[in-house]
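Some structures to go through are shown next.
What follows is a pair of complexes built around chain A, which joins chain B in one and chain C in the other.
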Partner chain A sequence: MLEQIVYAIPFLFGGLWVTLVVSALTVGISLVAGVLLGCALIYGALPLRLLVRLFSDTIRGIPILVLLFFVYYGFPAIGIDFDAFWAAVTALTLFKTAQVIEYLRGAVQSIPRGQTEAGMAIGLTFAERLRYVIFPQALRRFLPPWINGVTDAVKGSALVSLLGVTDLMHSINQVIGRTYEALPLYILGAFIYFVINYSLSALSRRLERRFSFMQA
Partner chain B sequence: MGYDLNFAVVWRNFDKMWGGLLLSLELAVISIAIGVLIGLVLALAHVSGGRWLRGVIAAYVETIRNVPLILLVYLVFYGLPQAVDIRYDAATSFVVTLSVYSGAYLVEVFRAGLEAIPKGQIDAGKALGLTPWQRFTSVRLPAMIRIILPALSNTFISLFKDTSVASVIAVPELTWGAQWINLNTFRIVEAYLIATAMYLVTGYLLLFLLRLLERRFRVGRHA
Partner chain C sequence: MTSLRRDFLKFGAFGLASAGVTGGSLVLTAGEAAAQSAADSLLPKVIDRGKVLVGTGSTNAPWHFEDDAGELVGMDITMGRILAKALFDDETKVEFVLQDPAQRIPNVNTGKVDIVCQFMTMSGQRAQLVNFSRPYYVEGVALISRPGNEIKSYDDLLTIGSKARVSILQNVGAEEAVHEALPEAEVMQLDTQANVLQAVDSRRADAAVVDLSTVRWLVAKNPDRYFDSGKQWRSMLYGAAMKQGDLDWLTFVNTAFTIAMFGHETTLYDAAFKTFFGLEPPTRTPGFPTI
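Entry: the complex of A and B
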């Protein structure tokens, strides 16, 4: 068993890199999009709020796998064409964006109204209130669940193998296609994913402790 | 560039989608039932057990939670039969996987529920002279169920969505049905639009029903 694992390792680096790139792109783009849309959901005009709510509830209501196939097979039919890699990143990003919107909403709404009122009373503009009053406090509520959600992005990225993107999951299946030794390879794969995600959740626990003084 | 939507083909093969939806629900129901059992037993073991037992349970929970579901599905379906002499069909293998998967999430849910029961209730049970088993069945269990019901419904709905992963080992559930129509008729957009709508409607319907159920169980003001 060890022999097969040692044999497989060199073949997995490329895939591991793709997994990390897909996860990083997903997490990065969704953070920007999610914070913008989240602000739109909290402060936007009613039609905009409804639109964001509809987006978030729809995306979170369907399986990532279906979203992935939808984007990959469905978008080209309506004229938006991209290769498997970008289709995968787009689908995962859409899903993650919906989550980030909810984290942000939860974080911002946990801040007492008095804070906003105090900001108004000392004459801060809307942008200043967000920058100096709301966001610094909301960050502490936002960070722990968000970092926890990063592990979801890494786990979700394994689904892109189904579109033929050679990520870690796909390269494991490729090696198995040659050696027919499924068990050792899947255990190795589980171990690699575990190491990545466990480190991420350990990080999130540390941050949670750091920011726990806010819980009261 | 133009793409003409044609749902007729999808309706003609709708039995694949409908049957798929029912199978998705069935997979989710069986898995959460077994998952609840695993979660409850391990949560009790965690609360009352020693260090060693806690370590083993933590290892199970952390392993499952940090590995992609699709990898676990492959591992159980393709990997395990190579090591142990077991034979199962794809659907059974998926139920095993999803049960073990949901169990890991439910241990935490149940543990939080058990720890949230006010100590006074258990003391009151003792004061009434209930045996440990009676204290469990008539004090701790009902109190815990009320606390964890919302988390349990959320887990169930997310498991329902997770059943889509069963399509990778050709279990004929809803996503597989959409894939089948896609491969045989090339009505890609239509198939996935219908599948999406079916997941959404079912998911929100379940959510609505479970929230009703939660309200029925909510006794007292604090719960």
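Entry: the complex of A and C
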């Protein structure tokens, strides 16, 4: 079994790189978009709040697999024709953005209203209240579910192989397709995904400790 | 009558002369000829693009897989190269678009690829959705087991009746396919060919029903690990799939495949047939067309 694992490793680097890139793009773009839309959901005007709520509920209500195929096959009908890689990144990002919106809403709304009122009482502007009062406290509550979501994104990135994108999982299947030795490759794949996600979890714990002084 | 004849000949001579002049200017390049095909045909578009987009997989030997050098090879891949050779006289002018088997029909119908060569069984239902090329292989299904198993031959499996556990790739009619050969067997439908075989390896199944070509490939490569149970049935035609409504493209592909299988350019097909199925291609005899 060890021999088969050693044989397979050189064939997996390309796929591993694609998995890391897809995960990084998904996490990075969804963080920015999710925070902006999350703020819009909490502080925006009613029409904007309704729009963001509609987006979040719709996307979270659709299985990610359906979303993936919808972006790949449905978007060309409205003139947006991504290749398989960008269609996969778009679908995963849309899904993750909807989750980030909710992480942010939960984190911000869990800060007692008195904190905002105290900020107003000392004359802080809206932007200053967010920057110096609300966000620093919300960050600690935002981090654990968000990093949990990041590990989900890494694992979820395996779905891109359904569009023919050669990620880590697809590379594993390519070696299995040649050797028909499935079990050693699945063990190797599980190990690589575990190393990535365990590293992220360890990072999460460090970040939580780093920001623990901001306990509300 | 004579004069008429003479006039006719005169006209003929003049006609030939003028035909020589005008015909010279009417000699068309391949691109120009293709441009005369239906305006919305893929044929001129593919020629203009300079490469053909072939949808296929990369995870199923001997049909489409990466060899030890990481090169995409297999019988389906060869069919793509045959098409490129016919289009551009260069078998490398092909881009293989990797796709999941579930994407075969959607990708060809949404124009993501020009053609699909991905061990696609021709069926009446599928032919309502896509156009199939002429078949390029006649596949069958067969039973594969492990040499060390107590129950391994077809007769063994038949004898134990409902106690026989048989794995097969999830597909329409998979259960019926197993029951044609083993009427009482318990059927285990799994998502990939690798997992179908993994079920045999991990002894969750006594035998697996896989493509005959796969049985040949695996038993030849790993005789100590796999055993041909000695039962083949169900002929299935494998063909390439194209979008419907494009007669020029369909005819071109059929012509290219026919030439590669029966005509004067069989080198690519024959080499692949021997490499991937371990079989000698049949001898082609000039004379009556047996195609």
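Things to note:
Just so we're on the same page, the second predicted complex is superposed on the first by the 204 of 216 C-alpha atoms of A that agree within 3 Å, B and C clash if a C-alpha of one lies under 4 Å from a C-alpha of the other, contacts with A are read in each partner's own complex, and residues count from 1 in each chain.
What we mean here is this: a residue touches a chain if its C-beta (ideal position, glycine included) is under 8 Å from a C-beta of that chain, and two chains touch if they have at least 3 such contacts.
Bear in mind the structure is a predicted one, so any value in this text is a computation, not a measurement.
Aligning the two structures on chain A places chain B and chain C in clashing positions. Contacts of A:63 after superposition: chain B is touched, whereas chain C is not reached.
Of the two partner chains placed by the overlay, neither chain B nor chain C lies in contact with A:123. Contact comparison for chain A: of chain B and chain C, B touches the greater number of residues. In the superposed model, A:47 lies in contact with neither chain B nor chain C. Of the two partner chains placed by the overlay, only chain B lies in contact with A:151; chain C stays clear of it. Of the two partner chains, chain B is the only one touched by A:79; chain C is not. In the superposition on chain A, A:183 makes contact with both chain B and chain C. Look at A:114: by the touch rule set out above, it reaches neither chain B nor chain C. Of the two partner chains placed around the shared chain by superposition, chain B and chain C are both touched by A:161. Once the two complexes are overlaid on chain A, the chain A residues touched by chain B in the first and by chain C in the second are 69, 73, 161-162, 173, 176, 182-183.
Across the complex, chain C is touched by residues 11, 69, 73, 76, 84, 161-166, 170, 173-178, 180, 182-183 of chain A.
Residues of chain A touching chain B in their complex: 58, 61-66, 69-70, 73-74, 77-79, 151, 154-159, 161-162, 169, 172-173, 176, 181-183, 185-187, 189-190, 193-194, 196-198, 201. Residue ranges on chain C touching chain A, taken from their complex, read 57-61, 65-68, 70, 97-100, 102-103, 106, 110, 192-195, 197-198, 201-202, 218, 222. Every residue of chain B that touches chain A in the complex is listed here, in rising order: 1, 3, 62-63, 65-72, 74-75, 78-80, 82-83, 161-165, 167-168, 175, 178-179, 182, 188-189, 192-193, 195-196, 199-200, 203-204.
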